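Each of the two complexes below includes chain A, the first together with chain B, the second together with chain C.
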Partner chain A sequence: MIDLLPHIINGLTLGLLFALIALGFTLIVGVMEVINLAHGSLFAIGAYFALTVIAGSWFAGTPFGAWWLSLPLGLRYVLALALGPALAGLAGMLLELCLRPTYGKPPLYGLLLTFGAALVIEELIRLVWGTGEQNLALPQAINGAFLLNGMIFSTYRFFAAGFSIAAIIAVWLFLERTSAGAVIKAGAHDSEMVRALGYDLARLRLVVFGFGAALAGLAGVVMVPIWGLRPHVGVDIVIPAFLIIVIGGVGSFWGAVIAALLVGLAIGITGAYAAAWSTMSMYLLLIAILGFRSRGLLGRKSALEN
Partner chain B sequence: MSKIKISRRGLLGAAGAASAVSLFAGPWQHNRVWAQGAAKPLRIGITADASGMYANSGASDKRGMAMAIAEANERGGVLGRKVEFVHIDTETTAATGSRVAERMISREQCGFLVGAVHSGVANAISQVAQKYGVVYINTNSSSPTEAGQNCHRVKFVFDGNGTNFAKAAVKSAIERFGPDWMLLTNDYVWGHDTAAATKTLLKEYGGKVMEEVLIPQGTRDFTSALLKVQQRKPGVISAAIGGDDQKAMRQQVVQLKMGDKPAWINSQQDWDDVYGLPIETLFGVFGTTWYYRLDLPGVADFVKRYQAMYPETAMRSPGNVFYNGYMAIRELLGAVERAGTTNNIAVIKALEGHRISARDRMQHFDASIDAQTHQVQQTIYLATANKAPKEKDDIFEVLSQAKAEDVRDTDSAKLCKLEPYEQTPTFDA
Partner chain C sequence: MISLSDIPARPSAWITPPMIVLALLLLAAPDLLPAVGLYQYLGIEIAIWIGFALGFNLLFGYTGLHSFGHGAYLGIGAYAFGLFQHHVAVSLWGGLLAAVLAAGVAGALVGAFLSHRRGIYYALLTIGFGQIFWFLAMKLHRVTGGEDGLLGIPRPPLTLGPWQLALTDNRTLFYFAAALLMIVVVLCWRLANSPFGRVLQAIRQHETRARFVGYEVWRFKWAVFTLSAMLAGLAGSLLAMAQQSAYPDVMSLHQSGLIVMMVLVGGGLVSFWGPVLGVVFYFVARDVLGGLTETWLLWYGLIFMAMVMLRPEGLAGMLHGLLRRRPALKPTTAPAPATEAA
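Moving on to the complex of A and B:
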């Protein structure tokens, strides 16, 4: 058990990071009824903008670039945490505008459009930021490692997990305690009724998509110091995010959080004791859970089950 | 020099169309033998990865080949023929590698295939090449299997392999850091075979494997494995982790402050995998076949030519992957000239056993192309992070150089069974 504990902690911290990615995904699926295959690409956009803010790469060699780099790294990191998600949110809103002609058509249209968007975004990233591996510089205060129970842990990983908990609570409070959140939740249940009540459905969709994209961007900024940053990082991340919302139950907030923790635990523990199975473990978890509960852990009962 | 680029989407579309046509026309029945003619360009198919986990290395590989081709054309070509190349992305996947090789031979009229970083991709390409009899130069794959059980008469392997690098490092590491080793192994052919070579040497020199942790390709989070290392407390970790996976691992090891202890041995360190990373991520001792600041004749001029040809490339100094790509084309074209023909059997014979002087290879010792395995036996360098760099890119400190004979992969020679000449289809480029 003593040997297992660090891996459980490791798995839970990883799960919290996955939850951050999956929340935006599940919101968009719930309200828009669109499986946004470009969600991982929005994650990547957030991270690359954060890289630009932290490294000042676009202004390198200019007097402004020199001034920018003279700012404390901690300040640049905080700005990246704000600007990365904001720009990812704007990119998400742009994507939503492109999606509009697909509303009311078979889901395949939306699926193909977001898949195409993912390819376009990946190529744009290659053009703008290059093909190489990049890394986000971290302020000293959240870098390095510490000892816990005789085991060494990454300080940043715990910071990222704590940040994820705060973000999850903030999103939950927003959805539960604000009128805007109530409209979003209502939109997820019955968007036509929301329109009938006089709300602008087009604007609601735009805002929700932007919000979901901003969450993806935030996850990108927080997660890439652990995962590394490369043009196809979005493709790497969209698969676990998709599995998590299916395991948790499509559209379920807490379902996504619980599923993310389970996936993190599965990867963390198999990574230590059967590493060759660590990637496979999340698929096995999906099979196991859908095997006895086809709508996912906290998914709504479908009409077909009545 | 003419360059024809085909995108992967274009390739997919073309592959679909080609499949439709082949259904109508039936499968090709025999090899295409291209008409000879002095004016006909000699076409080389570059099979470098342009996407996937070895995309960066693939780009360097291609740049090295393109520079060698440009230089050959400046000299008037080969056998009076201009040299052209066509490049198609193998996407670092074996299935695409097979399709690319088929297309290059059957439709793009390539007389030679050159390139690959991923050993699984290289193996797939070489099977197709052997079927047609097309000479294939594997520039940058390091799995011992490439010149071992997966060797072919048409294939030549230009990089050092896991066994070469392990032989250069294992014995002294046991003496210095102790016999208790843990292995971190990328879960594919190169990782497994490099680990197998390390295990054999550990057994030979009195070391022992405390545990081997298999790391699936595409792993981004190494914390589980690193916690395991921390629990087991080995004296040495031997890591055979490649490409983007290795970059992620290096950064996480540094975050956990585990770079100095235990000791790290990385069988091989490709330049592209660490270029631009902070110097502290270059912990441990690792192998390479070349470094751009080797104090040897020709190196400085080679670097200048690289910088003149690629002024816009972010990687401002050439690395071992570029070097291998360049040397492969140069030796291939040299063999064609020595043979005086593009006939595959004649070119193969001109390559087999060929000796290359240290001066020509810009290495410390002479090299040779093993006639039995078709692997280039060459100088192997051990290096570590350079704490006193002379310039921004001077990130390696070369610790030692081993002669080819001292690190020769004798195991591959036992496993490699080259197809007889008469069972290799005749092909003329």
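Moving on to the complex of A and C:
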């Protein structure tokens, strides 16, 4: 008999991280009805930029680089946590500008454009950061492992999971309790009406895309120490994110969170019995759930079905 | 924007002028390619991928069903061909049949599951199934060889009754692939312009309306998915012969996305011949740009993005626009018809 508890805990922490990625994705899908296949690439941009901030590699050998590396690792990590998502957000806004000619056409064009963008970003990452596998240096406080009930747990996993919970709650409060969040939700519901009420729809889309991209970047910085950092990471991560929003129901906030936890659990529990096959479980979960509920767990009718 | 149904055709014709042009180009290719500085093997690759792309476009361009996991059926065909040679008999026709049937069965099963779905859910499920097949190819080490691939696939000789021809030479294999390709071209053309093809286009234009007219839409969606999977399997078996091995990487999402990109860049959404242009453009770009720079995919990606933004009707659409605008240059004719994208 295998002790399942550590696998369930691992699965849940993984699920919380997936939720963080899927949130930005579902926000963009909800407001813009664009399936952003470059979402994983924005995740990668955030993570790679965090790598540069922490290691200071662009300034290596200069006095500035030396001064930078003399700063405490904790401070550099916090800076990376802020600057990585900011840069991913800017990249997302740039992508939104490229997407403008596709509005009003079938959703296929947005999907294809972002697929091309994912290819381009991956190649750019290879050019700038090299092709090898890299790692983020972590501050002592959140690194290492601890013992609980005679089992070893990685401290960082718990830090990352806690961070994700905080971010999920913050995004939910932002959407539910602020007027800007109300406009975003209204934009997802009926963008024509939002425009008729005098809101600048183009700016709303730019901001939402930037915000969603920044969430992807944030997820990148937090998740990469667990998931590993390689140029291909964007494609590796966009598939689970995409799966999650479809399982959860396109455009549904809590659907995405629940689906992310389910996918995390499925991967964790399969990992206990057949580690090599653990990734397969999420596809089987997708097929099982979509077999019964064609719009996912909490999905409603959307323009993307046409 | 122009669409597939707008392009005039002689729907009843078995052979059309572009087919003759293609056949002549294929005949000349083994001598033409080295003459412009490319190598002969490229011709085999292009012929195989054109066949794959044409079958794929029946689904993608004609029916408007966006499969992002079609590389899986190419891979299944390649593995089926190889496994048939290894475990059953070294036979060309048997291998081809096994590949088409295996891909067809896989396509029929997946298609049965998919055909009640629409839009983004359809696209996502194709990704999901594509990833499952890719994953199986990677993990079933004992059957497929895993990441190392299935190696040592022979090129069995071509036998027609008493007559036998060895396909070990790349030039001979190319002509065999080209001959099969011409059959696929004629088949796809006839199918696209048959009543069946008309229903497919009606589904693309308005699925609900097509159902209200009285067609059992899901059966057509299922049939065209199975058919395009079978054609992908045929292409896969040729690929296995060309490479003398089969690898899981043709089944990855990356490769499945590339075929979508090729079809779109070529103009598969507006023309039967779009996929042909797209495949040729991709492979020539790969070899020419790839010779100049390591990061050729970056440039291909940028070209693709610019195309989606500015000219989503692709190369074929641009060509079509040029041909239609020409009469307007004469002062006697009416102003040029608008062909700009809406």
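Just so we're on the same page, the second predicted complex is superposed on the first by the 297 of 306 C-alpha atoms of A that agree within 3 Å, B and C clash if a C-alpha of one lies under 4 Å from a C-alpha of the other, contacts with A are read in each partner's own complex, and residues count from 1 in each chain.
In the analysis below, contacts are C-beta pairs under 8 Å (C-beta built on N, C-alpha and C of every residue); 3 or more make two chains touch, one makes a residue touch a chain.
Here the structure is a predicted model, which means the values were calculated and not measured.
Asks: Following the superposition defined at the top, how do chain B and chain C come out on chain A, clash or fit?
Replies: clash
Asks: Just chain B (first), just chain C (second), both, or neither: which does A:243 touch?
Replies: second
Asks: Quick check for you: in the superposed arrangement, does A:89 touch first (chain B), second (chain C), both or neither?
Replies: Neither partner.
Asks: With both complexes superposed on chain A, which partner does A:287 reach: first (chain B), second (chain C), both or neither?
Replies: second
Asks: After lining up the shared chain so the two structures overlap, which partner does A:276 touch, if you call chain B first and chain C second: first, second, both or neither?
Replies: After superposition on chain A, A:276 lies in contact with both partners, chain B and chain C.
Asks: Please indicate which partner A:234 is in contact with in the superposed arrangement: first for chain B, second for chain C, both, or neither.
Replies: neither
Asks: Once the structures are superposed on A, label A:3 by its partner contacts, choosing first (chain B), second (chain C), both or neither.
Replies: So A:3 only meets chain B here.
Asks: Touching A:111, do we find chain B (first), chain C (second), both, or neither?
Replies: In the superposed model, A:111 contacts chain C only, not chain B.
Asks: Based on the superposed arrangement, let me know which partner A:101 touches: chain B (first), chain C (second), both, or neither?
Replies: In the superposition, A:101 touches chain C alone.
Asks: In the superposed arrangement, which partner chain does A:30 touch: chain B (first), chain C (second), both, or neither?
Replies: Touch status of A:30: no partner.
Asks: Taking the two structures together, which residues of chain A meet both chain B and chain C?
Replies: The answer is residues 276, 279-280 of chain A.
Asks: Within their complex, state which residues of chain B touch chain A.
Replies: My answer: residues 51-52, 55-56, 59, 187, 213-216, 218-221, 223-225, 227-228, 230-231, 244, 247-248, 251-252, 255-258, 272-273, 275-278, 314.
Asks: Any idea which chain C residues touch chain A in the complex?
Replies: 66, 113, 116-121, 123-125, 127-129, 131-132, 135, 139, 207, 253-254, 257, 260-261, 264, 295, 297-298, 300-302, 304-305, 308-310, 312
Asks: Residue numbers of chain A touching chain B in their complex, please.
Replies: That would be residues 3, 6-7, 10, 14, 130-135, 143-145, 151-157, 225-228, 230, 232, 236, 267-272, 275-276, 278-280 of chain A.
Asks: Can you list the chain A residues touching chain C in their complex?
Replies: Within the complex, chain A touches chain C at residues 35, 98, 101-102, 105, 107-109, 111-113, 115-117, 119-120, 123-124, 126-127, 235, 239, 242-243, 246, 250, 276-277, 279-280, 283-284, 286-287, 290-291, 294-295, 302, 304-306.
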